[in-house]
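Two complexes come next, and they have one chain in common, chain A, joined by chain B in the first and chain C in the second.
Now for the complex of A and B:
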């Protein structure tokens, strides 16, 4: 059995746990909690992952590392497509995002997708934050199980 | 970097999350929540793990599977010692339990050990429950990072 199922099962249970304990009005708060959890995991992961790395050339180089090394570690695959407008917006597309693969592809299930995307959004934000890049990360599902993560760099 | 760190980081963050949101009186409730989370993860894991397994010979055979296969999957090592009184009590000893290895060995840290042991206790209980064995699982730390899990079978 593949190792990553433990992570997957644990993630599912956390989503479920945080979701269950939130009332309807608090659903958004639940999403924030998952995002915050992902943020801290992302911070820890990138710290370990870059321990013996040389410094990144530029922002794009950092993004490539995320798409390849971080994604591979967590989801056992690379991001399928990376795009940028060269003005601080990056779009990472995963054509078979692991947390969505198990779900039915019907449109009605897309509604529950956000709760499975909060953790990875936070994880990306946490990883980049530890590399000195402040950003806003959002996710969008157009056709299950494909998913786009949009990273908007916040210049100060 | 080893794969299991993701699971480890995620587990640490959950413990932290559940602990932080519980007031002092609710600390025990927090422990129950972690145990329940572990229970469901244990159920899912054992289901996958035994999919292509032949039936276990007896209770002891089941325990051996837990000590070897389940522990290896989750903690990348086997249980170091398995004992039983042949009357429904099993003691599983892990001499270097992963969730405790990172902690300092001072006596004052042993107080915070229980919150790291709730998930694995639940996981054992969930795994056995799915194999038709009802039990109570408790954990005890005598000298960090060694840990004993006691399984008490509940005959009905």
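Now for the complex of A and C:
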């Protein structure tokens, strides 16, 4: 068991480091690096988390697991709202997203929100990827600290 | 089946594996970025320092500690309170120097290295170097200039992980107004 503060600080340092590294080149690259880091963490995390679970019934069941168990493990709460159009798009809404809560309650610092959301997006994608679902995950913030993650499932 | 297993517990605690895995991903990324162990060590130390500088605020607010009168007391607080609070373990304080300005923290298990195996060719890498930075940064904020380094590391085949702390000097000019 580790304290949540050190995880948060570590995440801040990771964002800061990668952001600084890529400041000369394109910012996009930094975001994708963070996303790749998150992907890797998500992959290993879900492996540990699901080792005693029974098989998921369907896609929706998997998503529910993500919203409840994974979210609980990482952010100590459940997703506040899960929506889907039943055609492979899921929207997960968290009204008090942990990485943003300390930052602002409104529109201030909006421009720095994306770099703090890349890692979580990657983590979702990594987790789903190890459960056999290929997808694209994007995050959207209209007012902090609420945040929406959109999962678009890629069918081949 | 046991889908409800991960509930309960202290609300301030996160799953240790999450921290371990995130840290591992970071180190892997740094190794990719730098291709030189010394530089990776330096970077980890720097990031740790930045964390330590912030962490001390959190620690002082939560632990409700006063000032330490000597380095021995500092050692006790680090081992018994700080490590316990943040990593859930208590290292042993030992190997005091005669002058009382140097000691070691002995860790039997290191949560950062839980799933780690060092690949060959990385003999100079101090995998957990972040910790040194954290300790250095945190102590600097309470006016102590301290050197922190790894002496032994279980990842490198030692029986125990040993962190050596050496007190250099008190940082006088940073004392806030109104305090001795």
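A few comments on the model shown:
Convention: the second predicted complex is superposed on the first by the 150 of 156 C-alpha atoms of A that agree within 3 Å, B and C clash if a C-alpha of one lies under 4 Å from a C-alpha of the other, contacts with A are read in each partner's own complex, and residues count from 1 in each chain.
Please note the rule applied: a residue touches a chain if its C-beta (ideal position, glycine included) is under 8 Å from a C-beta of that chain, and two chains touch if they have at least 3 such contacts.
Nothing here was measured: the structure is a model prediction, and the numbers come from that model.
After superposition onto chain A, the partners chain B and chain C occupy overlapping space and clash. When the two complexes are overlaid on their common chain A, residue A:40 makes contact with chain B and with chain C alike.
Touch criterion met: A:72 reaches chain C, while chain B stays clear of it.
Looking at the shared chain after the overlay, A:60 reaches neither chain B nor chain C.
More residues of chain A are touched by C (comparison of chain B with chain C). By the touch criterion defined above, A:5 lies against chain B and chain C together after alignment on the C-alpha atoms of chain A. Residue contacts after overlaying the shared chain place A:101 against neither chain B nor chain C. Look at A:48: by the touch rule set out above, it reaches both chain B and chain C. Legend: residue contacts after superposition of the two complexes on their common chain; A:143 is shown touching neither chain B nor chain C. The contact surfaces that chain B and chain C form on chain A in the two complexes overlap at residues 1, 3-7, 9-11, 13-14, 17, 33, 37, 40-41, 44-45, 48-49, 73-74. By the touch criterion given at the top, residues 1, 3-7, 9-11, 13-14, 17, 33, 37, 40-41, 44-45, 48-49, 73-74 of chain B touch chain A in their complex. Partner chain A is touched in their complex by these residues of chain C: 1-3, 5-7, 9-23, 25-26, 28-29, 33, 43, 47, 50-51, 54-55, 58, 85-88, 111, 115, 130. Looking at the complex, you find that chain A touches chain C at residues 1-7, 9-11, 13-14, 16-18, 21, 33, 37, 40-41, 44-45, 48-49, 52-54, 65, 68-69, 72-74, 76.
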